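What follows is one structure encoded as C-alpha cells, with my remarks underneath.
The chains carry the letters A, B, C, D, E and F, assigned in the order they are written, with residues numbered from 1 in each.
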Amino acid sequence: MNWESPAAFFAMGGYGLYVWGSFGVCALLMIAEPILASKRRKDILRSLRRERIAENLDQQ
Amino acid sequence: MNAILAVIRRDLLLAMRRKSEVLTALFFFVIVVSLFPLGIGPEAALLKKIAPGILWVAALLATMLGLARLFAPDHADGTLEQMVLSPTPLGLLITGKIAAHWITTGLPLVLLAPVLGIQFDLDAEALGILVVALLLGTPLLSLIGAIGAALTLGVRGGGVLLSLLVLPLYVPALIFGAGAVEAHISGLGAGGHLSLLAALLALAVFFAPWATTAALRIALE
Amino acid sequence: MNAILAVIRRDLLLAMRRKSEVLTALFFFVIVVSLFPLGIGPEAALLKKIAPGILWVAALLATMLGLARLFAPDHADGTLEQMVLSPTPLGLLITGKIAAHWITTGLPLVLLAPVLGIQFDLDAEALGILVVALLLGTPLLSLIGAIGAALTLGVRGGGVLLSLLVLPLYVPALIFGAGAVEAHISGLGAGGHLSLLAALLALAVFFAPWATTAALRIALE
Amino acid sequence: MNNKIINWFKYASPQSFYPLAGKMIPWFWALAAIFGGIGLWITFFAAPTDFQQGEGYRIIFIHVPAAWMSMFIYIVMAGWAALGLALNTRLSGMMAQALAPTGAIMAFLSLWTGAFWGKPMWGAWWVWDARLTSALILFFLYIGFIALQAAIDDPRRADKAGAILALVGVVNVPIIYFSVKWWNTLHQGASVSLTKAPTMAATMLWGMLIMALAFWMYSIAVALTRVRAIILEREAHTEWVKELPEVKGTGQ
Amino acid sequence: MLTATGLSCVRGERRLFAGLDLAVGPGEWLHVQGENGAGKTSLLRILSSLAPPAEGQIFWRGAPIRELAEDYRREMLFLGHHGAVKEELTPFENLLLAAQLDGAPLDETEALGTLARFGLRGREDLAVRFLSAGQKRRVLLARLAVRKATLWILDEPFTALDVKAVDMLSALIEEHLAGGGMAILTSHQSMPLPNGKVLKI
Amino acid sequence: MLTATGLSCVRGERRLFAGLDLAVGPGEWLHVQGENGAGKTSLLRILSSLAPPAEGQIFWRGAPIRELAEDYRREMLFLGHHGAVKEELTPFENLLLAAQLDGAPLDETEALGTLARFGLRGREDLAVRFLSAGQKRRVLLARLAVRKATLWILDEPFTALDVKAVDMLSALIEEHLAGGGMAILTSHQSMPLPNGKVLKI
C-alpha cells in the first residue's frame, strides 16, 4: 500500500485535480453510456407495448 | 412582439429538426481552427500569437456558411412570399429570423470558443475577453450577414456571391474583435476595442433589420 | 471517353452561364487570405512565416464551398436520376463532373495563388513550389470532396455536414501541400512533400470516383 | 463445415442475434467488472509512485486503453461496414452504428485524459503533437460518421452511406497518422515533445493490459446493448418483434 | 370586390397582355384561361400584389391595393405553384406555424380535423418530404380551410390531386363562394362551379 | 416485353402494395391508377430500376433488369416529377446536352424542329428559368421525341399542359405504341388511347 491516509489518496501527491478529473469523467461517461443505451431499448419496448395495446383495443 | 417570438420558435423548431445543421456549424468552427496549426506547423509560441485572429476568422466563416440558408429555404418553398403577404409587418418577422439565426449559430460559437482557446494555450483572462468580444461580435455578424443573404436571395451563385458581399462588411468586427484579445495579450487593455464593438452592434441593431426587409422586398418582386 | 468530354463540356457551359459562381469562389479565396493580416496584425516576418499555411487553408475552404453545388443542382432537377438511368456507365459521367469541378474551381486558384503569395513576400522559387503543390493538391481536394458531396446529397443540413466529413480527410493534402513550401523556405527541400502529394493524388484518382459513384447510387435509391 | 456456415448466417440475422446478444451481455458486464476491479486495484494500490511524474502518471492506466480502443473500434466498425456492403447483411450496418458512439467516447476519453495529463507534465492542456493531432482527427471522423447516419432517415441508406464513409476513413487513418507524424518531426520546434515512456515496470504493464481488457469487455457489452435497441427500432413492425415476450408483456 | 383596369404585363421584352380589365364580386369566381405561357401565373402574381403591373390599376373595395398594403393582404390568400410548405416539418406543424405567422393561431384539434378532412389522416406526423405529390398539395390546400380570407387567388389548384380530392376542393370553393367569398383560379381543365366568369388571356 | 411478379414496396414502415404482377407487351400501354399516396410514383421508380423493390422481380424480355443494367436502361426512358432540365440553360441547349449524355448526339436542325413541334418556337434561346410551368414540362417532354427508347415510363405527363399540348402528347404516345413501343403512365385523368390496360393500386 502506498497511501498513508484517505486524504493522501485523494490528494494524489498534488495531482488530485488531474487524476480525479480524468478518472471522474471516465467513470461518468462509462456509467452514462450503458444507461442511455438500455434506456433507448426500454423506450422502444414501451412504445411497442403501447402500440400492441392500442391494436388490441382496435380489434375489440 | 408575439410575431417575433412565433418566428423565433418556428426557426428553432426547424433547427431542432435539422439538428445536424446546428451541430455541424459548430464542428466546422472547431475543424477550421484545428486546420491552421496543421498548415502552419506546431510551434506553440507562434500559434499562441496568431490564436485570436484564427479564432475570429473561423467564427466569421462559420457564421457566414450558415447565412446562405437563412432565407433560401423559406424562399424556395414559398414561405417568404407568404410572409410578405402576411398581415404582420415584415420587419418584425425578419427580426425574429435574425435572432433565431444568432441563437442557433452565434451563441454556440461563443460557448465553444474558450475550449478552443485552451488548445492555443491562452490564459484565463484572455479567454474571458475572447468570450465578451464574441458575445458582442457574433450578433453583429448575424445582423450584417442577413442583409447580404437578403440581397443575394434567388440570385444565381448566391452562396458565394454572398461571401463576397458580406466579408468586407465583416472587417470592422474582425479587427476590433481579434484586436481586443491581442491588445490584452500585449498588455494594452481591451476596453477600447470592446466599446467600439458595442457601438457597432448598437448601430447594426437599428439599421440591419430595416435594410434586410427592404432587400427582401426587392428580391421577391 | 466521349461521355466524359460531354459532361465536362456541359458543366463548363453551365459554369459560364453562372459565371458569378466561379468568380466568387476566387474572390472568396482572395478575401480569406486578406482577412488574416487584418486579424493577426501587420508584422511582415510573422506573416511570411504563416503564408503557406494560410494560402493552403484558404484554397481548401474555397474548394470546399463549391462542393455542395457539385451534385446538388443536378439532384434537385432530376438530372442525376437521368444520369443513373443513362446507358453510359455512371462512373464515367461522375469522373467528368469531378474533372469539370477542378477546372472551374481548382485551376483558377492555382493560377491566382502566386499573386497572393507575392503579397506575403514569398520569393520566386517558393512561389513556384506553391504552384506545383497546388497543382497536385487541388485535384486531390476535388476528388476527396466529391465523395463527401455524394454522401451528403439530399441529406438535411448537407452543406455543413459536408465540411465535417471532408475536412478531416483533407488533412494530409494540407500538411504536405503547405509543408512543401515551408520546407523550401526553411531550406530543407520540397521534393519529399511533393512526391507524397503525387502519390496521394494517384491513389485518389483510382479510388475516389468509385466511392463517389457508389455513394451517389445510394443517395438516389 | 457446411453446418458452421449455415449457423453463422443464422446468427447474422437480427432475429436470432437479438436473444443471443441478450444472453451474452451479462457475461461481458461481469468480465468488465472483474478486470476493471483488478485493474483499478493495480492502478491505485499495486503500482508504485513514479519517481519522475509523481502520482500523476496513474492517468496512463485509462489513457492508453482508451486510446487503443478508439483505434480498434474504428477498424472493427469499418470491418462490419465492409461486410454489410459486400454481403448485404442487415446486422452489419446495425453493428457499425452501435459501435460508433462507443468509439467516439473512447476517442474523447483519450483526448480528455491526455489533456489532464499534459497540463501537469507539459504545462499546457494541448500541444500540436503528432499523436494528439491524429487522435483529434480520429474523433472528428467518428463524429462525421455519427452525424451522417443521423442525418439520413432511411436506415438502409444510412447504413450504406455510413459504410462508404467508414471505408474511406479506414484508408485515410494510416495516411493521416503518418502525414501528421512526418509533419511534426520535420518541424519540431522548441516546444515539448512526448518524453518516451521509459521501459515500463512489469506491474505497470500488467495494469495497463488488464485495464485494456476491461475496456474491451465494457465496449462489447455496451455495443451489444445498443445493437439490441437498434434492432428493435428497425424491426419494430416485423412479426418476430411483436411475438417477443418483452413486447407481449409476459416477460419483464 | 376586386376590380382591375388596363392591366398589362411585360416579361423580358415580351408583352404578355395589355389593357386587361376584370372585376370579381362577392360570391363570384373568375376562371383565368389561356395557353401555356399566356401569362396566367404572371397575372395572378400581379393581382396578389407580389409583382407590380407594367400599366394599370388594381382596386380592392374601391381603394388601390398599393395603398391598402397590409389591409389587402389580410383579406387575400394566394397559393401558387410552390408549396410554402416546409419539407422537414410534419403537415401538422406546417399548418400550426402557417396560422401563427398569419397572426391567427390555430387550435390543435381544429388543425387535426382539417388535416383529416384533407385526407391526411395517418400522415399528420410524417415529414412532408415523404409525402406523395398529391399529399403535398393537400397540405398546402389545408390552409384554405383554416385561414379566413375573403379573396382566394389559386394557381392551378387541382394539379396532382386525385378525383376524390378534386371533388372535395370544388366543394370547399363552392362553400367559400356561397358565404360571400371570391375566388380567382387558373386551370387547364373545365370546372363545375356556379357563378363563374371566364377570362381568356 | 416488361413483366413483373410479386412486387412489393415499403416506404418507412408503411407497406404501399404487395404481390403486384404486371405485363406490358409491344404496342400496349399500362395506366397506373390510384389515390394520392397510393404508391404510383414509387412503383414507377421501381420499374425504372431507380429503386429496388422490397420483394419481387422485374424482367425485360425475360431477363431480370438488375442483371441487364445498362442494356435495360438503353431501351427505357423515365420522366418523373422533376424536370431534369437545367434552369440556366435554354431549351435548345438542354435538348442537345441531354442527347449527348445519352450517347446519341443530336443534329441542331433536328433539335430546333422538335422544340417547334412542342410549341416552344421563339423560346429556344430563353433560359428555362423564365418559362411558364407548362413550357418547362414541354422542354422535358421534347426528350421523348428525340431519344429512341422502346419503353416509356412517364409519371403524370399531362401535368401543367394546356389542351393543345395534351392532344399533341397523346398523339405522340399513340404513334410510339403503333411503332411497337410500350408505355407505362400515371395520370388522374382518363386517357383516350387505345390498347390500354389499367392497373389499380
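Points to keep in mind about this one:
Heads up, the rule we're going with is that contacts are C-beta pairs under 8 Å (C-beta built on N, C-alpha and C of every residue); 3 or more make two chains touch, one makes a residue touch a chain.
Fair warning: this is a prediction, and the values are worked out from it, not measured in the lab.
Over half of the residue numbers found at the chain E and chain F interface occur in both copies, marking it as a same-residue contact. When you average the Cα atoms of each chain and compare centres, the chain farthest from chain D turns out to be E. Comparing the centres of all chains, each the average of its CA atoms, the largest separation from chain F belongs to A.
Centre-to-centre, using mean CA coordinates, chain A is 36 Å away from chain B.
A separation of 25 Å divides the Cα centre of chain B from that of chain C.
In this assembly, the C-alpha centroid of chain A lies 54 Å from the C-alpha centroid of chain E. Note: centroid distance chain E to chain F, computed from Cα atoms, is 30 Å.
Multi-chain contact residues of chain A (touching two or more other chains): none found.
Contact with two or more other chains is made by residues 17-18, 155-157, 161, 164, 167-168, 171, 175, 182, 221 of chain C. Across the assembly, chain E contributes 88, 127 as residues in contact with two or more other chains. Within the complex, the chain D residues that touch chain C are 137, 140-141, 143-144, 147-148, 151-152, 156-157, 160-161, 164-165, 167-169, 171-172, 175-176, 179-180, 182-183, 186-187.
Looking at the complex, you find that chain E touches chain B at residues 48-52, 70, 73-74, 76, 78, 80, 82-89, 93, 97-98, 100-103, 127. Across the complex, chain E meets chain F through its residues 11-12, 34-41, 81, 119, 123, 126, 130-135, 137-138, 156, 159-166, 188-189. Interface residues of chain C facing chain D in the complex, by the touch rule stated above, are 147, 151-152, 155-158, 161, 164-165, 167-169, 171-172, 175-176, 179, 182-183, 188, 196, 200, 207, 211, 214-215, 218-219, 221.
Residues 19-20, 23-24, 27, 30-31, 34, 37-38, 41-47, 118-121 of chain B are the ones that touch chain D when the two sit in their complex.
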